[in-house]
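Order as written gives the chain letters A, B, C and D; numbering starts at 1 within each chain.
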Amino acid sequence: MMTIVFSLFLLTMLVIVAVAILRTENLFTAVMLSGIFSLIMAANFFVLDAADVALTEAVIGAGISTVLFLGALALTAEYDRSPPVGTWVPLLTSSALGGVIIFATFQAPRLGDPSAIVHQHVAPWYLEKTPELIDVPNVVTAVLASFRGYDTLGEVFVVFTACIGVMALLGRVRPRRDSIKEGEFKKATDNLRHHLIPRVVGKMLVPFIVLFGLYVQFHGDFGPGGGFQAGALVAAGVILYSLVEGGVRGRELVPEWFSSVLVALGAFTYTSVGVASMLMGGRFLDYSVLAHDPVHGQHLGILVIEAGVGMTVAGVMITIFHAFSRRGIR
Amino acid sequence: MTLYDQLPALVVAVLLFTAPIAYMLRMHGFPWAAATAAVVTSFIVACSLAATAIGGETIIYEMGGWPAPYGIVLHIDALSALMAMLITGASSAALIFGAKSLADEVGEETAPAFFAAWLLCTAGLVGMVITGDAFNIFVFMEISSLSTYVLISAGPDRRALISTYRYIVMGTVGATFYLIGVGFLYMVTGTLNTADLGARVGQVEDIRLVLVAAGFVSVGLAVKAAVFPLHSWMPNAYTFAPNAVTVFIAAASTKVSLYVLIRVDYAIFQNSIANHEVQLTLFLVPLGVMALFAGSLLAIYEKNLKRLLAYSSVSQIGYIALGIAMTSVAGLTGAIVHMFNHGLIKGGMFMAVACLALRYRTVNVANLAGAGKAMPWTMAAFVMGGLGLIGVPLTPGFISKWYLVLAALEKGWLGALLVAVILISSLLAVIYVWKVIEVAYFREPRANAVPVTEEAPMVMLIPTWIVVLTGIWFALDTSVSVGLASIAAKTLLGVAL
Amino acid sequence: MAVLGLYNYFVFAVLLMIGLYCLLARTNIIKSIIGLSMFQSAVFLLYISMDKVDGGTAPIIQEGVENQIFANPLPQVLILTAIVVGISTTALALAVAVRIREAYGTIEEDKIQEMDRKQ
Amino acid sequence: MIFSESDTIYYALTIPLLGALGIALAGRWPNIRETVTLTTAVAVAIVVWSLIPTLQAGGRPELHFGEMLPGLEIAFKVEPLGMLFGALASGLWIVNSVYSIGYMRGNNEKNQTRFYICFAIAISAAIGVAFSANLLTLFIFYEVLTISTYPLVAHKGDEATVRSARVYMGILLGTSIGLFLPAMIWTYSVAGTLSFTPGGILEGKIAEPLVGILLLLFAFGIGKAALMPIHRWLPAAMVAPTPVSALLHAVAVVKAGVFTITKVFVYIFGIDFLFNQPSHRIIVWVACFTIVVSSFIALRQTNLKRLLAYSTIGQLSYVVLAASILKPLSEVGASMHMMAHAFGKITLFFAAGAIYVASKKTEITDMLGIGRRMPWTMAAFSIGALSMIGVPPTGGFISKWYILGGAIQDDNYLALATLVASTLLNAAYFLPFIFAAFLYKEDVKPVNEHGEAPWPMVAALTFTALLTFAFFIFHQPIADLEAQILVK
């Protein structure tokens, strides 16, 4: 009961924050609010027993996404100057959308209903078979890395694509026809070095964040966590360091060539596991054939692919951050 | 496990495996070579899959060795094989064709990223057509979408950027709609496997959520497929993308969304919702008819050749939508075969346009005066494509039109109306194709224009003509295209082969 | 109580509406991207709401404890994927926005449209 | 015979295409190019004509290329009607080539290579139409014919020409895709086949009023037959060089139209089946209307080539009328008239072109007394005109005789009255011009003093004028051959 009440509170907060984001014209405020939005969302996920997702949403949604938005803001504009005209069509479209969903979900199973169909089919199989087939305590990891490992492979390539996209867009020297005057961004400070407290606290936090990231990486089989969360956490650590010490120092810590090699290497590792299992006589991504004992094979496969995922995600987030941060000072 | 058993996974794995390599090894020319080698390999694999599928066989490949519905399975039947062949074929042709023009437009520094994105785009599209899992479709849809954004934004004009942005917005909304639809389906069935979904949706007592799911999925895919009036992202995206990219995405990418629409609708909703064929008809026929007219009319008044062809694609997608909406073997055969044929036709035409753009440095129709004389082979390829759009015999367009009209005739008086619509729109195609032909062949170049005397280079002309001749081949010998399409249509409708 | 059990879905619908409205009604590209990411986040809520079971815990099997009730792991896996997809899209869109700002000097779509029309 | 009959069909189709290739390669050297053209024309004619004895003996050579769509193959089968058309097209190509060489050189036309290439492709397409074994194959070549003649019509390339060519293309492609194609697919979906079968394939498969609709779709879909109101393309195509007009009016294009209509009546509907359907009368009415109205329009023309164009529209409707009377005699008459009209009309166009090349005159009113400067040309013109009117001893008389015979068999007084009226109208627009050309004094001085046109042109038009007589004398074997088409 308590959780439900808490959940209601969080959900209501979500709506309030969303409205606030919509109404503000200051983009900086909007970005900060959207960070808060993600944080509330993460808390709500935690209440709903989705620890892995909560962790991911907190790191990626509230952390990295906010930083990227801020980086983009520094390179674009601070105010939303949309003219207030022509809002009828969007209003009608979105109301219709909302109306349809509310109409439809009256028939949906209520929250937490154990007799809901989603809890009867497929999911029980995962819960039942994981100890026997994969033997890791965290069923989410088992499903993510093995049962639906192909999805996760795809997902790694989605972030990989985003990374090469950002690099293709922001990586190269700016073309001549750009209309921005040289030095327009130089006045924006690149670091927090003259702010003592944030600097000290930030610097102190960085090692812990990275350490926590590594813990999440290798503990993902047992508790919430895994490659995504770990990669994002490590990246967050590096990003925090760059924010505190400046982009130049940040790029000295993790050079760009290293982060982009990490990206490709992670994706390559994942695919290689798939190819290796094919070569060893199994289906693509069938880790059971990787060792003599199928369960051992699963462990090995999950370990390697989670490492690949972690590398790619960390590499991507760092590379993207660098691409944004460097763009301003060139 | 023999190599033969592994083919279904290979068709995607080859591409995914090569993409990071192409990105990492930054030697001159290597990314292009690696991408081409991988895509061609994938094409060969797709062809061998098609050879199996033409026997009416469905291949199920369990990813990770986990059986459906717990794991993700690849599900390859005639339809997937045909689409996989189209995608990888178009990708290979466009890459080989674009060896020179891409080096021109993309630049050495971005080349690794660009070709990796190309590989991922191909992988994403192929992944969508061979998978048997509704959520997996979403994942690969995102791979293909994100990489398509990258490819389009590589266009030389700054308007490429704003086109990319609009495409990102529309594409993401479309994909999210699809995701919402899949979520509702999961809510009522507890499964994500398409075959399992098809079996279990029928048992759902209250149909409301299923209907709304069908709505979300269809609208989302219609956005991604640029079905009129949700096409607004497409003309500019085609226009400002690098020329070889336009060749590829025009030939393959919107078709894949239509494929998913067919797949999801026929495998999941058609069997389980009463009167669903009426709903589908009510949804798609008006859109298709509007697309036919609006696309053709916009094309008639368009001055930019690439955008003209993009509008023509809008109208051609209308044909496919009509075919899907007819829910008959002939109609579906027509729709599927037209997806394939239109890919061939448009691919060839955009190749010809790329040749023209290389020499004329513009794709405004008015500036192409004299092209018929200066670049006879290029223009001949363009004319062949144009005749295909009209649906003249000896071009693949005729085959598709044949089946669509045949299907419409089965529908009685309403069908006669549809026949009229289909044919009137073909005649509108005559107008916009001829507009270009008259300028290119019979108008004297302006006095102040830089004279073009050189034909496009052989490295571009030969692939163009290979595509054109392949088109003619598929107009004469339809045993592969129509063969696969009719098996696909019968399988989807549950008719005995 | 029954309606409270559906509150999640209503919030999902409302967030979706706000996100879409923000996306469509705003000509500022960054603001639209914020709307877009909100639009995607709303879907996370839909999926995660499905995984909850009364009296359940996160699906981590503890040895020696019998008859535990677990939340459904599948939606969680799907949303892990979707979150990563979301950030990827956002990052790419932001990169495009930066390039648009550099090329046009503004990120207001109406102004850009005007400039393109003149071209 | 050196090669088998199906090989012969194959060669008949491919030799013109090879010729086109040869012309393209030899494009830089006009003499070689034109030698290639002539050689090809002669070779094709020999190959096609070599089939005639087989046909007379009752043989029906076939050639199968394989299935294009399941159950629908690209196939060829020579039967008397197609033989007649094929022999006509290939034979007249020789004459036309000779004439073209004179005309194109005499006029210093541009883009001559393109001209000869398209011409050769058009001939191949015409032979394809003639020898098709089913409607689908016929349709394919019908469209190839349309498209390959477009560059010929638009040859001059100036604004007005391109606009007229647009009308030509638009109407022909529009009707064929908009009406002919659905008619064909409808036929297929009803009958399950499209093979040309003696006695037809639609009997019992379709009933009134759908027969009427299908019939109209075919009649107007086959736009090359130029039934009113879709005749506009023919006058529009008058912008083309004269050899092209000859190709359109006599050798291939309009003939392909009426040939297809006859073929559809005889082998798709079957004349017995169609005769019992009241709606076939509609076609009779449309044909009669076209004959009379086009003759009246022709009366008011002052441009010689436009006059000839409207005359063609009327003459084509003779064939359609004959075919739609659906009596054995009239069906033979239809095929005979295709031939008779071809000889007559090609002579007329050759003459008109010769006048243009020699004097640059296009208006009738300027041509008073021209017979004195160009006696051969005008003599040939007169013979052609007499054939159009149907005066013995010209070929037009023979075919009209058969058609009248059919009309009488059917007691079709409307057709009879139309034929009589049309004869008078034909006389009314041709004879005054001929009299004026020979008897009046020249009142408009030509730009430069001239006599006859270059000799290849005069030779060609004299030859075709002689053919008109020859047809009158030697028509019997042809009539016998064509009588076979009604044998089931």
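List of remarks:
Just so we're on the same page, a residue touches a chain if its C-beta (ideal position, glycine included) is under 8 Å from a C-beta of that chain, and two chains touch if they have at least 3 such contacts.
Just so you know, these numbers come straight off a predicted model, no measurement behind them.
The chains other than chain D, grouped by which ones touch each other, come out as one piece. Chains touching both chain A and chain C: B.
More C-beta pairs in contact connect the chains of A-B than those of the other pair, out of B-C and A-B.
Using CA-based centroids throughout, the chain positioned farthest away from chain A is D. Between chain A and chain D the centroid-to-centroid distance comes to 74 Å (mean Cα coordinates, whole Å).
With centres defined as mean CA coordinates, chain C is found 28 Å away from chain B. With each centre defined as the average position of its C-alpha atoms, the distance from chain A to chain B rounds to 31 Å. Chain C and chain D, compared by their mean Cα positions, are separated by 69 Å. Residue positions of chain A touching 2 or more other chains, listed in rising order: 101, 105-106, 108, 116, 118-119, 122-123, 126, 148, 151, 154-155, 158, 161-162, 165, 169, 177.
Touching two or more other chains at once are residues 135, 139, 142, 146, 149-150, 153, 158, 180, 186-187, 192 of chain B. Chain contacts: chain D has no residue touching two or more partner chains. Viewed as a network of touching protein chains, the structure does not reduce to a path, ring, star or complete graph. Contact between chains, using the touch rule, shows up for A-B, A-C, B-C, B-D. Only residues 100-101, 103-109, 116-123, 125-126, 129, 146-151, 153-155, 157-158, 160-162, 164-165, 167-169, 171-173, 177, 260-261, 263-265, 267-268, 271-272, 274-275, 278, 281-288 of chain A touch chain B when the two sit together in their complex. Across the complex, chain D meets chain B through its residues 66-70, 74, 136, 139-140, 143-144, 147, 151, 154, 157-158, 161-162, 166, 169-170, 173-174, 177-178, 181-182, 185-186, 188-189. For chain C in complex with chain B, the residues that touch the partner chain are 16, 20, 23, 29, 32, 36, 39-40, 43, 46-47, 50, 74-75, 78, 81-82, 85, 88-89, 92-93, 96-97, 99-100, 103-104, 109, 112, 116, 119. Listing the residues of chain B that touch chain A in their complex gives 1, 6, 9, 13, 16-17, 19-21, 23-24, 61-66, 69-72, 107, 109-110, 112-114, 116-117, 120, 123-124, 127, 133, 135-136, 139-140, 142-143, 146-147, 149-150, 153-154, 158, 180, 184, 186-192, 200, 206, 208-209, 211-212, 215. Against chain A, in their complex, chain C makes its touches with residues 2, 4-31, 33-35, 37-38, 41, 44-45, 48-54, 56-63, 69-81, 83-92, 94-99, 101-108, 110.
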